[in-house]
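Some structures to go through are shown next.
Two complexes are shown next, each including chain A; its partner changes from chain B in the first to chain C in the second.
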Partner chain A sequence: MSDIRLTEASSHMRHGSNIGQPLTRRDGILKVTGQARYAADNHVPGMLHAVLAVSSVARGRVTFLDVEAAKRHPGVVDVMTPVHKPRLAEDPDAKTHPFMFRLELLQDDTVRYANQAIAVVIAETLESATEGAALLAPRYETQPARVGLDGDKSFAPPAVGVGNPAEVRHGDVNSALTDASMRIEATYETPAQYHNAMEPHAIVAAWDGDTLSIDTPSQGLAMAQARIAGLFGIPPSNIHIRSPFLGGGFGSKGLISGPQILGIMAARLVGKPVKLTLRREQMYGPVGHRAPTRQTLRVGMDGDGRLTAIDHHARTASSSFDDFFEPAADASHTLYASPAIATSHEVVRLDTGTPLFMRAPGEAPGSIALESAIDEAAWMCGMDPLAFRLKNYADVEPITGKPFSSKALRECYAQGAERFGWARRPLKPRQLRDEAGFLVGWGVGTATFPALMFAADARAVIRADGSGLVESGAHDMGQGAWTALAQIAADGLGLDLAQVEFRAGTSDLPDAGIAGGSAHTATAGMAIHNAGAAVTAKLADLAMSDERSPLFGAGNTGVIARDGRLYRRDDESWSEDYADILTRAGLAEIEARGKGGMDPAAQSIYAMHAHGAVFAEVKVDPDLGQVRVSRMVGAFAAGRIINPRLARSQLFGGMIWGISFALHEEAVMDPRSGRLLNANLAEYHVPVNADVPSLDVLTVEEHDPYVNALGIKGVGEIGVTGSAGAIANAVWHATGFRVRRFPIRIGDLVVPASD
Partner chain B sequence: MAKLHVSTTINGEPMEFLCEPNDTMLDALRGPLGLTGSKEGCASGDCGACSITVDDQLVCSCLMLAAEADGHELRTIEGMAQGEKLHPLQQKFLEQAALQCGICTSGMLVASDALLRRNPNPTEEEVRFWLAGNLCRCTGYDKIVRAVMETAAEMREAAQ
Partner chain C sequence: MKTFDYVRPSTVVDAIAAAAAPGAAYLAAGTNLLDLMKGGVVSPKRLVDVTRLPGLDRIERLPDGGTRIGALVRNADLAHDSEFAKSYPAVAEALLSGASAQLRNAATVGGNLMQRTRCSYFYDAASACNKRSPGAGCDAREGENRLHAVLGWSDACIATHPSDFCVPLVALDAVVEIEGRDGGREIPVQFFHRLPGDAPERDSVLEPGELIVAVRLPGEARTFAAHARYLKLRERTSYAFAVVSAAACLKIEQGIIKDARLALGGVAAKPWRAREAEDALIGAHPDAAAYRWAAEAALAGAKPSGNNAFKIELAQRIIIRALTLAATGTPARIPALPASPFSSAAGIPHNV
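Up next, the complex of A and B:
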């Protein structure tokens, strides 16, 4: 799109290839000067403001709304309610594919959870709409809310995550546990967590007849377009979505949410453009969260410290009306070699919004439980926790027996331990003190995340002036897609980055798949790479079949594309400029398309995962129990790193999410009302600058020819895994208290643990 | 309700605008004044994304009424670079990759600038605690602190 002018890459050292260069982010200048335009920064002429009125009860129905009072307020234009709203073409409760979740679009007066939208007030100003919403003074018929993991009877879900089996059994876990020389059984609890991207979900929607123009953040433009098309009964091509920058997503902007659709409905109702922005407290409900878990691990060991059994059972929750079951126990599938492994899930239904994907879904809560249990097992065996992990290193994927496409985890352990100084760690807890008398502890955790790929398309063009254009509707939520994908685009075209225009972030471009599952760079990157290869191949065909070209007849040996020229592969003294080839052929440009997606053949042979090792040091005040992380080293092997500067940011960010998981984040529900008690950024704790120490990230070299042709595994989520467990284990090492309910609280460390 | 007339100075330029008595400064900046660089993350003073300075005092503009700007000097992210020339903090944030999604970045930079104006030689701990009220969910934290420390060192050197 024309109004986004990204900066040229600065002149960092280059070594003949754009991929692998630590370029600064191309959207950086727009962001540091405040010029990057996010959804809520758009002000369309004649635009009205919409504000949600949300339920203050968790279960029941709305019996009264004082619509007249709201309408009487100066500036209020209309009030959208279940009895006054545009007609939808599709039932918002219909589910026609696994990525479709039920939405609360004022379909009736039912309240499914606290903070659910029950009306939308549309007014000339934000203040008027806000006051109008307050004047609705709803009354309810309330039913008792189901709260917490014991809030209802559990059942075995048909599947967890997206189509993963809820139960997996490999070997005979029960008899292996009976026969084990040593065994532990421990239960770990993780709380509900909310994504809390810094940018609240916002939408500016404008209808023109049956076409719709939208500014809204999206991690999946094509899926959002299809969902909107279905709900409003218009073709997807009538919907134009702009999402050049997301102010963070972490999964909460993967699917278009109910409030975003309500903004579109409001615009339809009043026949004018409408802006709707969620208030921070309204983000605790309709835009997804990570469900709480209670996980029981039973681990058996033989006399030599070898694992003989891992049994990982997770109890988790979904909403009363839809299914998303956090696949927490699946974290035990791949990491440790054990002849018997069983994972299983049970779930309850609660009066909350539907939980959804949140950075490292399954792996994040599963990993903190597994890594804690592995640490407890190592201690029972009297072994150093790193030595224990190495002793139980999985050389093939334990359950499937598949070889790994690549796995440099040993190197991660070795390089991370070396950098951290792990060799000096005393085995017993409560041995280290700093100069101020604080208890010091060291812990390790193993990180893992699957190397996924979805499906994406891209278009590449070479123009007669020798420059290139690459289009793919990719999403930059901060991870650096504008930069990393442009680097891949430039290499795919054999051009310098400065000669390539890269277009992304709008729904009229080829579908780049979703920015999720740490798979966006691999998936969109492969589509871009293949489009580049296809267009340079077309160009080569032109040259090789033209007797006026120096490359005429090179068809058998082939050519390579580099720096805007094609070179004869066997003799590089024969070459020709892109511009010359096109000009002679009388073409203004030449284009081709490419696709990215997983290779089922390679997937059937190999297990594909990124790995890492995280080492953490904590300091605990022996009197007050206050914990501070004082040092962290993460070593990660995640295939090819496209941009080391930006990949490190992702890994740092993930590790800090690990700190947050272990020590900070927790949504607290009122057991009587089912309302969240801390739906704000003051009381829902996330780490701040003062909580985070100096961090160190190492990326371990890994060449993986099987994951995809570019060798990319993804770095967005793996940093969370391993890190949370490393901190929990460091807290135990500092204090001798094994805390199994997260986040770890001061109270857990001043009162002797009950075990 | 009659609108209020406010005369103020924003980023060195005299400005006049009309506002409702209950408009926040952040609403005025992002609305009639068209300065959308300041972001709303919480509207309750918890996240710092809307940080500006008023007479060199760092404030959350979501907690200030627009009418309170009358007769005062405001600075926002839009006034930080001199034309095309980035402020050293902006440059260093880029180099250190001290930003990701960018929503916290304006507030983080305004707050860092306010710190260095008052204390050109902060300790690392002072930086971490000064910026403790600016939340970043992409959690670029350590790099932000590095960027501020390095900028401070370079600015001190340049001043000598």
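Up next, the complex of A and C:
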């Protein structure tokens, strides 16, 4: 059960619905006053502290651990190692369904990557456990690490992403390229990136017999529960997980990670509650990352600037022991109307942790390459890059030929360009200077992200006092689920937000699916909406079949739920209060459940995507090569916007990730040892405030009757796409140099003589 | 457990006595030292906390016009002292371009001089590093060395000194005041840091147990105030170490450069004073040709220590820009983005 006390809804003028109101976060005050309790803030009585000892080599075997020395250290209670650990009911290397990833749970002495857990020290204090871990002084038998995209032989993966075909062909790309009157071929590289959520992965685990109580951040409570149940051989209902707040996840908390399970194992081993929190540098390995890519695009055009072929090939990497293949080339499936499109992937296995979903997996690296290539193609055709994109606008999904369920991308281009002042852009690069003499460049990128839905349940209750309760095991990673889903809940019940208690964030509530794929608001929201509809329908049945109700007999015309009353649809002068209906029926409350999920029939007919257009202005020092983004405008069409304020924040955040992708972020790995060299927030650069200019977000009206009844697409990831490419294109427009390796660094713009 | 003593002496004499023990280290704000200890890079046997030593937190105007800055003056306090910033604008700008506001509020003058390199292999206890363990080898040589030294490096070590503050200090002939068991001594900042040679473990000429008590800027240094800039290139607009940086201070009379000071950061194991360039500038007209000539002179001895040849070109360009900006004149206020190229006009058009 959730015991979160949210702020009363901020005062707002409500014109009919809660949906669409720009409410501030209802958990905002808890957060800014430090009262929001994150996993590691929990202190259970009798709790011990567990600290991971991690490998400093990337590949090999642990040959020695000085367990005795660690155990002798005052305060150390136990040391969990491959030979001393609780028995698991399931092999951590087993994969019984496609969403299951192999975990390093001390199953043996193998080291698969640097920063892998090789032992866990459990002690009375964090300090003792930390020192105990240091005293283990591991020795290794080391094998040469496979590092970088050329670190091993490549192969064609069986599938990429979540079961997408690794190779897709539409039309004959090779002959289209041969026949093209113009073509470009270019290779782009993107680095490994780490999620780096502010909140490190942490867990407080307490066993009571075979029941387990856990505080840990999760973007997927039900899946975490199932995974833990499988590993420990207990029913999922024995596991209670609280995850009311996440300090960011970005995909790294979608699946429960090895270190979190190790915390549970440690608690099992010592028979006491245990807290385990990752150190920042330990987050660079066992909790996923975005794999590096090298993408080659071959694009053909006819004499009129029409695309004739797009061939997008991506080389990427997975770990040596598991499969997650960043579907980077798939970015070319949906955006541009080329009669021939081919996408393909090859992968190498490296001695790293397994890469995983990271905000806009596939789309983000794929988009920066595709948007750069489209710009290069436009330039070769002598066309304005926006005009080129419009000329090649896809009215149906190019790879499938399906119509779009809705697509207001033209409006995005038009409104974004207008707001940005794009019409004044000179065609040639290196034409613009500001008054201080800096090179100025303008670039555009198209944003796209699929409108996905998973499966969710929700429960809605109307109480005899007329108030409502809605339950959904939804996850708030900071995106605002506590607020946006409550808005949907209130509308579903026909109540004002203040009259609805909304519970979320724990595993005993109905499964809300995962907070990922930008699908959480749509999926959990639809379940909540349907639960609300179901419970008001039940209430209506009660009223309409009761002779004493003014609604008696309204069954044929039906009723509308609004402001805590049911109204006869054909004559609103007949209505009745929820409380009156329930009181008369002698019921304390009435409840119903609802489900959210995709509609396979609509999916088979329509291609469903959110779209956007991002315009960026950069300034580049002509001699020194330092780049700064000075302006960005993003116009997005993402269906119905539940809460414009929260949606804008998501889109801002995505655009800032785009800045990061284009100019800052990069995990640097030692080419020989495979160790991360910048596993900290000082040297792993993300933009600071001074790097983020004034951002402008427009949300373009879009009504989509097919994605789901609420018309919701997603806004969580799309902002990253398009943005990074727009910045890269703006750097080219400013300087005339096309940098094809990201992030763009000072040195990349300095080596070519600037005059 | 790496147990260590912690002492907090209340006089300089006691501090020096306490630090005489082998393996002792002074602790100032700890923004560098504590990170190094947590990472297992250094493990002092005794920490001598100097933050309560009386009298070391003062900024004093000296009779000869110079300024004496106590070793415990916080980086932010020094930069925001308006008299100081007016007299030594390049120093203030350099200070404000370093680290983050939080770190500058804590970091001390002495600690800034003594901060260790940011070479990642130095921080990674599992890598071979001659600076961390003499004779172990240098993993940076064949590793990631894009940001390593291009001047004054040796086969033993190619690391750079990361301080911004020290760059204008060497340009302006600042002096370090040191107290030791045998009394005090003074060393120009320029000779304070060492090039690696075959003993990269020694960053400076400070002997074990010696305490920095102050840094002194000579009166003459303020005569550059009208034409003094610090410029720093970094991979994000703020909160990043320099890829390369330059302090340029000029005295211009009747259209002629009467005196010039130039130093570079991020290029060597010490803040790099470019004397040849200064000599080339003195007597010249402050124009592009003179700056280019100076830039070439400053980097004449440079060679890449790895995958970092671009830094040689970049260092020359930043010299030209810093000199251009200095000649234009010190801005009335420290720019909102201190030392960023985006704070000032890009200067000479690139294609002149």
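Just so we're on the same page, the second predicted complex is superposed on the first by the 749 of 755 C-alpha atoms of A that agree within 3 Å, B and C clash if a C-alpha of one lies under 4 Å from a C-alpha of the other, contacts with A are read in each partner's own complex, and residues count from 1 in each chain.
By definition in this document, a residue touches a chain if its C-beta (ideal position, glycine included) is under 8 Å from a C-beta of that chain, and two chains touch if they have at least 3 such contacts.
Treat the numbers as computed from the prediction; the structure is a model and nothing was measured.
Within the superposed three-chain model, A:Gly46 lies out of touch with both chain B and chain C [touch as defined at top]. Contacts of A:Gly401 after superposition: neither chain B nor chain C is touched.
In the superposition on chain A, A:Gly303 contacts neither chain B nor chain C. In the superposition on chain A, A:Pro600 makes contact with neither chain B nor chain C.
Here chain B and chain C are compared by how many residues of chain A each touches, and B touches more.
Touch criterion met: A:Gly653 reaches chain B, while chain C stays clear of it.
In the superposition on chain A, A:Arg280 contacts chain B only, with no contact to chain C. When the two structures are aligned on the shared chain, A:Ala690 is found in touch with chain B and with chain C. Of the two partner chains placed by superposition, only chain C is touched by A:Gly625; chain B is not.
Of the two partner chains placed by superposition, only chain C is touched by A:His73; chain B is not.
Shared interface residues of chain A (contacting chain B in one complex, chain C in the other): 682, 687-691. For chain B in complex with chain A, the residues that touch the partner chain are 1, 20, 22-23, 27, 30-31, 34-44, 46-47, 49, 76-78, 80-81, 86, 90, 93-95, 97, 99-106, 109, 127-129, 131-145. Interface residues of chain C, counted against chain A in their complex, comprise 1-2, 40, 118, 120-121, 124-127, 139, 142-144, 146, 233-240, 243, 310-311, 313-314, 317-318, 320-321, 337, 340-342, 344-347, 349-351. Listing the residues of chain A that touch chain B in their complex gives 24-25, 27-38, 40-41, 43, 74, 125-127, 195-200, 245-248, 250, 277, 279-280, 477-480, 645-646, 648-650, 652-653, 656-657, 660, 680-682, 686-695. Those residues of chain A whose C-beta lies close enough to touch chain C in the complex are 56-57, 73, 131, 134, 435-438, 619, 621-626, 628, 663-664, 668, 670-673, 675, 677-678, 682-683, 685, 687-691, 743, 745-747, 750-751, 754-755.
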